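In this document, chain identifiers A, B, C and D correspond to the written order of the chains, with residue numbering beginning at 1 in each.
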């Protein structure tokens, strides 16, 4: 067992990673809205940039802080790793969440600055029964994915690419365009542009995300109990090689 | 030889995986249709989301159930592995197919719910001589691909990415947009949106898919006999490294 | 040294691979032209499908035949491997080229059939000074890429993804949309659709491709002499790990 | 410690790599502008081709020269590697920069030739407070990414894909479309097309890039000190496997 990097360094990584993730989401949303007329095309440009940006940030900062960039991922990590004492301790968890939320806000402001748009509170209401269900599904899937890939022993480059790809799909298959992240949701309040979200929509979105995360954790526990033998099926056998 | 996960867990993985695959296909189709005007752009958004979603689902659930998500893939697995007793036994095969079809229907309903569209039977007729040939080609290619990569010993991340990429191409190079999957075909009956298919088109599509799967199995047997020596050609030599 | 698969099996792989590559190019071109109005968007749909299809075909058939799918690649392989007796012998080379050209034609006919378009000779003239220079550049880059990656010992999944990505770029950065392949060029004569090429343009394109291939081989010999020590630069050191 | 390839060969690789990178950027920009009407779609075509082209060039030429293709990357390499004597020596650095700038100009001219456009000086002014901030952010991120991935011991294929993906995001999330490279900036003066930049914008862009590179180096030193223990967090543990 090796020591973790100092908490301050990990907090910086979470601040930077969450921040730049929001900068990518908000900035590419502004660029898309300025340059394209078709709303679907705008979303395709926005989601493509996010796939690339998110995967790269996880790959880069994973070795420093684990690259959570998301309070529900940090909480899931703390809960699932409690029994084996490999999860985030309570104090670290609090620091992670503060760094993530601060990063999310900072990232939105940075995007506004680059595009010379005054920072303002978004007026885009996003809450409907459908979008809340979308957030539940999107967050459950995200937490299941991260937990499952980690338990199966996939490498960091594979996990990074998979999480980016997942969000690229979830932009489109959920009705909420998949926020799935409380820190990013709060950060996106601070831009009145394509990717913004009204502050009145935040609490319902956060509640849906927390519910989704709980479902994701439960699904991961059922499907990927650490002691579960891996199947002898050819495809499963292949995957074991990657665990070796 | 390790034990396989319990059948119930594998069935859950097949149900979830096939279900979420249909949710991705149907949900992103609805979003694309709402947001974009150009039909080709709608299909590009739909196919891009599917590439990402399918690859991620295979990567995530491969270690649990083999990530078939497709009755013809499960049947091919059972047939090709019979001699070496590594294929799915008959009872497992039946459970897999039931889980896949139930998942496919559930996935369509979930997408309808997220986008607040009533679940209704599709009226999109898709059968022509051309689309049936397209389904034969698409399914033959899919079965050949999965069998060939498994026999060549590729790792799960590579197989997952390759199957996603294959479907991304087949959306475009076949005239049917490549269903290539009986469970997904049945599921897509239950949404009267972009990705829907009329129930009257289902049986011809299933027949074409079964024919295609048979051709794919035959081609795989000819090209990838397990005992075939791998060539000394540089590119082949490279590939052997990945098998080591 | 292991034996190569039988020549007949390798010829079948070259026939199938080149054929399906042309089916992807032609088929996705027809779909794009039918579904989208903007010509650039049509080309983006066409090039995206080709990136996916080409990478998958190389990955699948590389272990069987080396996945050349291209007469100039086979010729380069024969020439560069002559001294070390690892290249294609003369008889194999002739069989490869016949299989590739027959595949290319068959692939165009299959695409026409799927989209229920009569097979007809294309009337799309493509020769200008600019497009011929484009073919020289595109083919030189392709041959340099394949040779360089092989000499550097990259794995098949990496080579497959890289060749697909290269063609995805070359569709756009060359003025000819990058045919870069005599067998594919001949095959694309047999469809009067988006991806077709008039028979009168074939010979100049082939001449440009052969010139480009010669330049690519020369560049590869200069940059990647097999005995060249690999640098101690960090990035180079990293790459050596992948060669281990 | 192995010897580096001869400086002449490395200079040729930097010339070719930077040149072809600019050919990809400029050429795909011309094609996009000719074929598409929507400016955002043009940028999507341009950025997609660049992602593919840049990743392929780094993968191909990394083993020869380290694949910098960028004066600020070479300078960062020289500075960061000075203490351990693994960085570029002064004479090599000068040769690299000359090769990169010459390549950048040659690449723009080649693109103009392929598309039969006279080489002319761009008149596209790009300087605003926002775009300069964009260049600072884009270059800081690029230098941090390359340094961090190298220090974490990622393999060349992963680094190549990540740098390509980063630029694909930065085209969209920065307001400047992310030049982030003095040699490419100078090269893009020599084409009066989509990707061109007026010579009057060059010096401010270079100043912003140098400032960004300094920030990127500082961030990398803080986050990735070579002696820093890698964390015991699951995701970090996974990443250590890739370093083994």
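What we mean here is this: a contact is a pair of C-beta atoms (placed from the backbone, for glycine too) under 8 Å apart; a residue touches a chain by one contact, two chains touch by 3 or more.
Keep in mind it's a predicted model, so treat the numbers as computed, not measured.
Shared contact partners of subunit A and subunit D, listed by label: none present.
Set against the C-alpha centre of subunit A, every other chain centre is closer than that of C. At the interface between subunit B and subunit C, under half of the residue numbers involved are used by both copies, so each side presents largely different positions. Superposition of subunit B on subunit D using C-alpha atoms only gives a rotation of 180 degrees, nearest 5. Averaged C-alpha coordinates give centres for subunit A and subunit C that are 38 Å from one another.
Annotation: 27 Å between the Cα-based centres of subunit A and subunit B. Multi-chain contact residues of subunit B (touching two or more other chains): 38, 41, 44, 48, 154.
Every pair of chains that touch is listed here: A-B, A-D, B-C, C-D. Subunit C meets subunit B in the complex at residues 1-5, 9-10, 12-13, 16, 20, 23-24, 26-28, 31-32, 34-38, 41-42, 44-46, 48-50, 52-53, 55-56, 59-67, 77, 81, 86, 88, 110-111, 113-116, 150, 153-157, 159.
Of all the residues in subunit A, the ones that touch subunit B in their complex are 38-41, 43-44, 48, 51, 128-131, 133-134, 137, 141, 144-145, 148-149, 152, 154, 158, 162, 165-166, 168-169, 171-175, 219, 222-224, 228-236, 238-242.
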